[in-house]
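The following pair of complexes shares a single chain, chain A, combined with chain B in the former and chain C in the latter.
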Partner chain A sequence: MNAPSTWDRIRDPSEKTLAVLLLAPAFLLLALIVVYPIGKLIWNSFHDLRLSGGTGAVKFIGIQNYIDVAHDKDFWNAAKNTLLFTVITVPGALVVGLGLAMLANLPFKRRWPVRLALLLPWALPLSFVGLIFAWFFHTEYGVVNDVARRLGNAHQTMWLLSPGYAFAAICFAIIWKTSSFMALILLAGLQMIPRTLYEAAEVDGASKWQQFWQITVPMLMPSIIVALIFRTITALQTFDIPVTMTHGGPGNATQTLAMLIHATTIDYLDVGYGSTLAVFMFALSLCVTAVYLRRIGRE
Partner chain B sequence: MTRSTLAPNRRFLLATLALAATLTASVSALADTTLRVFSGGANQRPDLMRKLFDQYTAKNPGVKIDIETGGATSDLQRQYLSTVLNAKDSSIDVYMIDIVNPAQYFGAGWLEPLNAYVGEPAVALKPYLPVYASADVVGDKIAAMPAFADAMFMYYRKDLLEKYKLAEPKTWAELSAAAQKIQKGEGDPNLQGLSIQGAPIEGAVCTFLLPYWSQGKDFNDAAGKMTLDKPAAVKGMKEWLTLMDAGVVKKNIAEVKTPDTVNEFKAGQVVFAVNWGFAWDRFSQDKDSKVAGKVGVMPLPAMDGGKSATCVGGWQWAVSAFSKSKAEAAKLVKFMASPEASKYLAAQGSLLPTIQSVYTDPEVLKASPWFKDAANVVIAGRSRPQSERYGEVSDAIRTTTSAILARTKTPEEGVDEIEGRLKRVMR
Partner chain C sequence: MSTRTLDLPAAKSLFASPFEGPGLRLIAAAMVVFNGFFPALWILLTSLKGEAELVSKPITYWPANATLHNYIQAFTDQPLLRYLGNSFWVALLATVSSLIVSALAAYAIARLNLKHRQLILTAIVASSMFPLVTLLVPIFETMRSLGLLNTYIALVLPYTVLNLPVCTLVLVSFFQSIPKDLENAAMIDGCTRMGALVRVVLPLAAPGVFTAGILAFVNSWDEFLLALSLNSSATMRTLPVGITLYQGEFTFPWPIISAALIVAIVPVAVLIAIFQERVVGGLTQGGLKG
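Moving on, here comes the complex of A and B:
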């Protein structure tokens, strides 16, 4: 028998070649939209790349940007705010979301109004939510102070003008907005738990509280982890709500990393330094995801 | 008929068609230059610009003009334009940009120098107010041509000042006394003495500079280096806080944006208001205005022993460095910056002229009598620091100013912070 010609090899590729061929489009796409931008970001971070006010030339400056970031008070402030937002709003949204999911899972006659109410905050664009809550907490026109006044509290609290209150108001808005997404994922998980488990527990005389901790929480764990991963990553990227509510103010008390990166690259046109800040944020997201993934791997 | 007999005919036909197609193509290339113009947000009156463009295309058949409009504030527009220009987008030929942007955009290589089309700066910008000659020229290159002017004015309630027999205050201290007298006399707890912009928006840069400048101080020298006089800056910010303590400025002023001042003044809740020129039309012509016919304009008060100063704004026409029809675009810009265009905008939309002679034009004065008073304010106006890194300059000043007015920072801390941030940027 003759050795197969090139044509034959193309017409009838080996398993290995076929695998490569079939994977190639997906890999190319991934390389184009994920690997290339990340590579470019890291490349930028080692260069002096200012579109305005610089020399105009792209200059390799080694790790100078990284040294500057380490000494940058604004960076540490933004990193602290980002982590605080994450630590407060992720568990916050989990607790509220779990409550909402259990509520929606109750045997209502009509479930759709509850589910609609659940979906609504999720369907709203983030910046809308920010604007709505900015209005909510406005000193003079806001609903919050209006209610306080009707209840006899004449003092007008300037919610968005004091660092602590502004931070709390933003957390409130973020939890309101994101707990519905949590609830949707958890509701799906809740519906997977067989009714029979609860019935058996009833028979054994377990209280509702015990049922919750011994059945609901462990059975729901996979959904909780998935919801937490998504929520944590978006929490690390918090941007829209603080931008529209306080623009990072008062001062820069509510500025997050994403906002600092945006200001540096879009407003200041300092692409090199902005990229370095983005590398830090990328590393932070990567660490958090790794922790979660290890936890899933163990289970 | 055989195939061979038809062939020559067909060849002839094809050749004719091809020739015709080529001719049509070249004719239409001559006939249709489509210029795409970014014409600012609603406050920059794209409706009036459209009418001017129509006048231009009527005189220049073969040019078509498409208009694109942008965000409501200067900040939003800057963010959008930075993205478009950074991508070297060639689809927009002409941009309307805020007075604070030519230096930054030109420095980034985004704008076409206009010297070759309109002449050298000394001649081309001579008819315009001096502030534009400095803002639109970078080095010896013309980065943009003035479209229309704007400035911060002090609006006041003529009726209330007359009722209490008060003269126009010349200093902030006089203003405070006058406002308090009116507030006390009217007995309305919602009546504000003075409204300024304290939210961290572009207007807050002016809020910082107004009391500082009015002590006769400069923020920067001609080369753009910062010359901040810290004690004067602290004194200026303390003036606002004093007015707040006296109840003249409301406590949550750090929340107030430009439209808030306009709306509250319009609703009759403010005695004195600092705002841009466009507000005049809102006060006198809006249907829901409660103060139409009761509004006066005066130069901004000064600090004791100082001199009145105001913040000049305004809009410029620039040609994109990435445009494919730069010559046509520059021609359009030349028309839009002409005295005729300026006169049209002044008479039709009471947009402030950039050309001194238009202020005294009888036709313009008939449409907007208040330009008589406005001229002096604008001519004495000063421009915010020109810097290739204006984004950082603006951000540092407005964020800190807002924080001082929210009382989360003392004036001393705030001014130190501004100095620390801008020392590296403006040198």
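Moving on, here comes the complex of A and C:
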């Protein structure tokens, strides 16, 4: 028997060669867009690397950038805002999303209007949502103040111009945008719960409230946790909505870490310092990813 | 449904919810629909108002003199058509490249005799979970040194990574659902492994490929940060970035912005309206986006 020609080997590669060939594009791409950048990021963070002003020369400065970050008021402010947005909007989206999911789980004759209503917020770009809600919270002509006026509150709240209100308005927009995705995930979870469980509970005389806490919530827990982890990862990256609603203002009251990194590197071209900020944020999100991986590992 | 409820009192217990009668169900549906549509509806109404009506107080909810003038302005004040085109091509190219890369990887994970199957899948999913903003600077530097800033490729490459987890997860589960015997039969009949993949597996996985494709398209269509940072020249901006440029430093031409938003929302809204069942299925299978 002849040894297989090169052509045959290309047409019908061995299992191992095939695996390498098939996985190569994904891993090459990850190397270019994720692995190499992580390395470069860490390298940058130990250097004085300013693309404008400065000397233009790359200088090794050890951990100076890290020391500067630790003393940087803007960094702590942005870190505080990011964490606040996260701890408010993640549970907020969960509660609203669970409510929407339970409403959407009712046996409607036509499912499409409800399904489309849950999909639309998911499909809208965040920057659109930011613009739309900036208009909603407009001091003079916004719907929110108009509704407040009709309800008898004549005072015109300057929503996007006062720190606390701006923060609240952004949280509202984020929760609106993210709760429907949450609802879709939870809805899939709700539909997996066997109806017999509720029937049995009814027979045993459990109230709706008890059924919710003793059947719905525990049975949904796996979906809830997965949804929470992914929501948390995206919440830590909050950028588009504050940028389009307030540009981080008033002052820097709504500036997030992502916005600070973007401004430092892309606007001020201080690549070394911006990279150090990014390392901090990277470490933060790594913690959340680790939680996720541990969870996958257990399953 | 309602007659059955009357016949069988026990059916009441089927739904653990306070909304039981058909009337209350309608209210529940109305609440969800209102929640989903009110921002888009308000933007639509705003886009039909003239300048004078916009600044009259108290604000009007229904436009008194509806005009399409703002839609013309939206296309002339900014190159909206160009933004639409850029977004379309970037999203389409990113979708195609995401599908190719993830279909190959997913096939290997689902079908080949890999030792570290789960580890490879986890590596692909987890490494794409790192926040893009932290990698923004190195990606910016890479694209600049490759001379790719302000090109479609600059966005297509990172978007492919962005879509990789969802597409791979969706496709792995689709590939696993196709009986291996079909493939083996094709190979016994003289197909090579690659031949079997192209002629048997891919056509059967078409619904999965399609679902993954829609998710990838919407993800890429929506991205803002990289588009803002890598493609900043006027002719290369995508829609989510371009739409923020109608505002001047002190002026916010809201009716024109609203008109532009409506134009920008319609294509994706139509897409998800047509394919909503697939989108929901795909999201809940490999749902990774917030």
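Simple rule for what comes next: the second predicted complex is superposed on the first by the 259 of 299 C-alpha atoms of A that agree within 3 Å, B and C clash if a C-alpha of one lies under 4 Å from a C-alpha of the other, contacts with A are read in each partner's own complex, and residues count from 1 in each chain.
Simple rule for what comes next: contacts are C-beta pairs under 8 Å (C-beta built on N, C-alpha and C of every residue); 3 or more make two chains touch, one makes a residue touch a chain.
What you are looking at is a predicted structure, and each value in this text was computed from that prediction instead of being measured.
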Touched partner set for A:Ala253, first chain B, second chain C, both or neither: first
Partner chain in contact with A:Met281 - chain B first, chain C second, else both or neither: second
Partner chain(s) touched by A:Phe230 [first = chain B, second = chain C, both, neither]: second
Which of chain B and chain C A:Leu116 touches, first, second, both or neither: second
Chain B versus chain C as contact partner of A:Leu161, first or second or both or neither: first
Which of chain B and chain C A:Ala169 touches, first, second, both or neither: neither
Partner chain in contact with A:Leu220 - chain B first, chain C second, else both or neither: neither
Greater residue coverage of chain A in the superposed arrangement, chain B or chain C: C
Which superposed partner A:Ala263 touches (first chain B, second chain C, both, neither): first
First, second, both or neither for A:Glu140, with chain B first and chain C second: both
Chain A residues contacted in one complex by chain B, in the other by chain C: 138, 140, 266
Chain A - residues contacting chain C, complex: 11-13, 15, 18-19, 21-23, 25-26, 29-30, 32-38, 40-41, 44, 100, 102-109, 112-129, 131-133, 135-136, 138, 140-141, 143, 146, 149, 176, 178, 180-181, 184-185, 187-188, 195, 198-199, 201-202, 208, 211-212, 215-216, 227, 230-231, 233-237, 239-240, 243-244, 257-258, 261-262, 265-266, 271, 274-275, 278-279, 281-282, 285-286, 289, 292-293, 296
Touching residues on chain A, where the partner in the complex is chain B: 51-53, 56, 138-140, 156, 158, 160-163, 247-253, 263, 266-269
Parts of chain C lying in touch with chain A, wherever the complex brings them together: 1, 10, 13-19, 25, 28-29, 31-37, 39-40, 42-43, 46, 54-55, 57-59, 100-102, 104-105, 107-108, 112-114, 120, 122-124, 126-142, 157-158, 160-161, 164, 168, 192-194, 218, 221-225, 228-229, 239-241, 243-244, 254, 257-258, 261, 264-265, 268-269, 271-273, 276-277, 279-280, 283-284, 287-290
Residues of chain B that touch chain A when the two form their complex: 78-79, 82-83, 86, 104-105, 107-109, 199-200, 251-252, 254-255, 387-389, 391-392, 395, 399-400, 402-403, 406-409, 425
